[in-house]
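Two complexes, one shared chain (subunit A), two partners (subunit B, subunit C).
Up next is the complex of A and B:
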């Protein structure tokens, strides 16, 4: 099949025509127009509420048309303006006809007093009215408006696509960025700066200052979200050691989170045991207990490989949650109603309770965990883990004690989860069985995979994307999870190795830099000369 | 010369199949020993027994005077026995240098807690380990490729890297499983020289499985021939070449008469074709 401007236009037009109908049927049009209305009103360009609400739909239709035109024209030769315009026009006409026909149809059905809601739950009177640009007793005008605005948007989109391709903007941005950064990095003063200890301290100081001041300037809600993200970062870094480095697929990771949270809760809550340790006493204990759980779980299980390990640990996670929930153990764990009045930290006599303070605390924990991970990663323990991930049999034949190595990975990963659990419980002043559901394990695994397995910045980014983005998408209401899922799918197609894939250490470079750097005595330099 | 490795009546069974059948082998120090035999003769199984992948059901494997049969592979690596694999088994997503560093694992003395704290012993481990890995990288002729991922290296380089990784633990005995498989004649020639240099320069005892008879006859001090798990012959290259049982094992019974038979068959076909 030869791709001609007309064919491209027809394809894009049909796709976007169907998209118009689909979004109207699922009620997305109504939600989207509301969001557009909010955005327009906050920008204060004009007021699009009440009688002017139809403008929002106009913007929505133009946007859809814009994308149709873009999709249709982006593969055309950018030097032929006629091609782009033809494909844009065809796409607009096709999508416009479909949209207009649909508008005419629902308009006439509505006029005939058919209650569409009986069949289609999202086709309320409001939605229909909205889709017809608030016009009453008039079917032709809305249809023509749909048709016209779609074509307009499509032509704009086609021109935009042409402009982008012509500017080679899309192709070049990545390359330019890489070139720019490498040439910048090789400038002598940049190299000097990078190697200077002062610069590193100053940069580190600036980061710390930012970490200190940013939470103060944000609202309590955002600090709550950042704290949550931080807790997921902790768990992600822990699971990253187990799954990303040592390659053991553990699906019941939430069990260690629960162990940390419950150890902390039982040690500090007045009920049911009244041990009443302080925060700083209970925190290390809960980390240790969680790590111990990891070891105890690992002892019998780590001889299993791959799928078997995944299934067994999945079961383990569920067993822990059900035990916590059960009435039999209620005397010990508090049962389904959970544990309340947990300890919060005090530092120099000053109690911590706000979300800002917890953000600081969690940030400190994250820094500590990153430090430990980084150190282990660049040691023979870390290389042992990675060799196990690559090929366990060979790894053992190279002298790695795979059993104890995997056990160590599980213990450390579990310890990190325990730390996260204790902080989480303390921040909420409460923990119960419903904090420790399977979804937590899945979320953490997802953020490790989305971020990039074995990559510390990847895990952090993954946590922000997975736990932070749903908050940013809150405006989408019930489409939030749909949009989020779609984003994940798109991302895994575009970047299967994760958002920020792990990079290998450049040991040879490092070695040569250390050993060939010009020394004041000049001995090695003379030899080279 | 002292024997560095001795196996006494080593047997390995898989269900009803006897993969290795009462094999005795003496390997003198700094010797190159080849194990040859038809496909399925039990050569790799024998290797697996020596390197700890399998634990033999019967017999003893004595390495430097101590029995090692049944020990886990990591323990055997600690005792300075290394091996390579028939189908290259590198850690593909790690760099070449990291592969060698994993091979040096038995040398590392510090533990994970020291790694977190960053004690001097840990830093020494890392520094010496890296220097040794660089030396090995150079020795196998891969300098400049240390930071590339193992799976991106060309085939010949991967074979060399696998040997470098095996050298990481400072082996006294190196088991090479078909080191020239899939190589062209020139690469095979280079590999042969390289294997000899391992013995001559590093003083390593080498046992290799090889199908290329030119390589085997060229570098071996002694050759052992396996067939159906049994050792059917042992000796210098010259002895093996003239051994009737070996010829029989490779070409089937009555191999010397085979060519005559073939000639007769061809003759009987000719009139029909004409």
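Up next is the complex of A and C:
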């Protein structure tokens, strides 16, 4: 199966044809056209609503076709225009045929008065009507329109791939960029500035000033979001120690978060125990309790190998959630109702209430945690963790006590999660079993991996990308988890080291590259797929 | 161990909270559940045996298969087969055996397709990556499939439309210790089918050329390739076979339990993984035994230990933890080398 232009085109065409159907079935077409509509509307291009929906769908279809053509053509030799065009054309024809057939099918089903919505909740009358370009009693025209626009978009995409992405233009830019950055970084005054202690202090001071003033100028909603991102940064940094530094995949991380939140809640809530500690008394206690849970969980389990540990900790997280939700422990933990009226912090006799104060508090916690992480990373135990991650057997032979090292990583990571849980519970004045579902663990794992395992700025970036961006793109709320899943797979294939990888290279990868003898099996089959 | 025996003695002969009919009922439901776990667990074990990775998305493959069967039943119900004496008859009840067959075929086909593409897209590019990388990719694939299930079919539970001969809650009534215990048709059907599937799979693995190639690849990929086996092809076929089993289990799940939604695959997936570990992962008879064992334990365990039935999931996970702690190679697993465990 040689990689020919036609073959590339067929592959891309099928993928994008399925994508068209999938996005229509999940209602994504409707959402996307609405977003396109908003974007176009701000430019005052169209006025009437009927034409709006029509034009937006055209843009959407052309965009999809564009990506299909791009994908088909980008692998081709940049010097051959004909190759790129053929790939683009084939991709467009295939994707167009699939889209047209699908449009024809749902159109005729709708005409036959089959209520698709019973089975596929996003296939409402409006969605179907919109997918058919608002044409009534006519199936051929919409199908032809889908076909035509897809081919058009695809050819455009192929040309784009040919001229802009693979052309000489980009090469020049890249060269200039690389040269520019190296020359800038090697200028003597830049080097002096970077090494000067004053500069560092001034930069730090500026960052702190920004952290102080930015929350004041933002609305309460944005501060809420920033607080949430901060809590996820805390959790991400904790999981980063466990997964990124010591290389133990823990999937039940939410259990420690829950331990922190519930310890805090039980220690401060009036019901069911009436202990009523203040915030500052309960916070360290809940961090300690969460860390203790980490140790207790780690003692029997840390000798397990990678994927077993992942499944067992996942099971542990589920056990905690089921226990919290069940009626059996309701007398102790409040059961499914959760716990209310938790303590909020008081400083110098003044109570905290607004989101701004919580943003300060969480930022402070994040800075503290970053400091601790940074110190740990370069310490004796940090080096021990990294050696365990690279090769446990060798590290043991070098005299690292792997068991207690891993236990320490788990305890510290769990403690950070406990801190995050306590802050989260206090900010919400409430905690219940629904705050501690498996999705939290997956989210945190995602942000660590997307940001870059073992990298502190990576984790912060990951938290902003995964928790902050979805708030910006409110319309895409429904598709967030879907995108997370796809993102994890794609990241693992394209960029397993993350968006902002840690500066220390992973030895394992280099080792693999050296040792990677050519695969004995169908290499060609892989290429085609 | 001694504690367990004394506890059994207490439950059966001293306390006697439950009569023999209740035990019978629990054991039957445990066997039915265990049969389904076993069929799903084989999928985990097959893939683990060959790729040494946990196919985390296997439960979601099963869920999609269950939806395949659901849509097949709905479509067949919509086809009219009315006759003079019965104007309301539809195809589903006119040809119940054929309908059930079609539903299973659809479910298996859907799951096998999903399994095939899952391997091709999410796992194949990572064949030589460090071991955590494919696992994370599998978690991503699982999240993706689960959420596409939610977006495609909506969050609400859907009622499986069984043909009349397999109506849920009907069955043969047998007499145990003076009171009646019902063996539901759906349950007996599922259990029998899971036994048939297990025997069939065992024969495929042990007697056919494909099975021999699969065993060879699971022992040593490089040597198998040198002997002329197309390793990529065998891995694809393994995913298709485990998908077929997962699809059948999904349709069984729907027929027997009645309600399915996008979350249906998650808990059975984890339980089936537990069963696979319980029996010794990579070991096919072990997965069958482990599945049935886990199903029965889940059904009668809470009664024996005298705890609430809400906690049956906790019991299953605790068993997983205990097995991994004390005997990571499982009941039937051989002593594994450092590379495999």
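The definition used in the following text is that the second predicted complex is superposed on the first by the 301 of 529 C-alpha atoms of A that agree within 3 Å, B and C clash if a C-alpha of one lies under 4 Å from a C-alpha of the other, contacts with A are read in each partner's own complex, and residues count from 1 in each chain.
Here is the rule we go by: contacts are C-beta pairs under 8 Å (C-beta built on N, C-alpha and C of every residue); 3 or more make two chains touch, one makes a residue touch a chain.
Computed from a prediction, not measured in an experiment: that's the story for all the values here.
Asks: Considering only touches as defined above, state whether A:121 meets subunit B (first), subunit C (second), both or neither.
Replies: A:121: touches subunit C, not subunit B.
Asks: For A:327, using the defined touch cut-off, is the partner it touches subunit B, subunit C, both, or neither? Pick first, second, both or neither.
Replies: The answer is second: A:327 touches subunit C but not subunit B.
Asks: Does the superposition put A:399 against subunit B (first), subunit C (second), both, or neither?
Replies: The answer is first: A:399 touches subunit B but not subunit C.
Asks: Does the superposition put A:449 against subunit B (first), subunit C (second), both, or neither?
Replies: Second partner only, subunit C.
Asks: Does subunit A have more residues touched by subunit B or by subunit C?
Replies: C
Asks: Considering only touches as defined above, state whether A:370 meets subunit B (first), subunit C (second), both or neither.
Replies: neither
Asks: Based on the superposed arrangement, let me know which partner A:314 touches: subunit B (first), subunit C (second), both, or neither?
Replies: second
Asks: Which partner chains sit in contact with A:387 here, subunit B, subunit C, both or neither? Use first/second/both/neither.
Replies: It touches subunit B, and subunit C stays clear.
Asks: Could you tell me if A:484 is touching subunit B, subunit C, both of them or neither one (first, second, both, neither)?
Replies: Touch partner of A:484: subunit C, not subunit B.
Asks: Using the superposition described at the top, list the residues of subunit A that contact subunit B and also contact subunit C.
Replies: 393, 508-509
Asks: So in the complex, which bits of subunit C are touching subunit A?
Replies: These residues of subunit C touch subunit A: 53-54, 71, 74, 120-122, 124-137, 139-148, 151-154, 221-222, 225-226, 230-233, 270, 273-274, 277, 308, 310-311, 313-314, 317-318, 320-321, 324-325, 328, 338, 341.
Asks: So in the complex, which bits of subunit A are touching subunit C?
Replies: Interface residues on the subunit A side: 22, 25-28, 119-122, 247, 249, 251, 300-301, 304-308, 310-312, 314-316, 318-319, 322-323, 326-328, 393, 442, 445-446, 449, 478-479, 481-482, 484-489, 491-493, 496, 508-509, 512, 516, 519-522, 525-526, 529.
Asks: Provide the residue numbers of subunit B that touch subunit A in the complex, in ascending order.
Replies: It comes out as residues 51-53, 72-74, 76-78, 83, 85, 89, 91-95, 97-98, 101-106, 108, 110-112, 115-116, 118, 122, 125-126, 129-131, 133-134, 137, 143-144, 146-147, 149, 165, 168-169.
Asks: Any idea which subunit A residues touch subunit B in the complex?
Replies: Against subunit B, subunit A makes touches at 372, 375-376, 378-384, 386-387, 390-391, 393-402, 408, 504-511.
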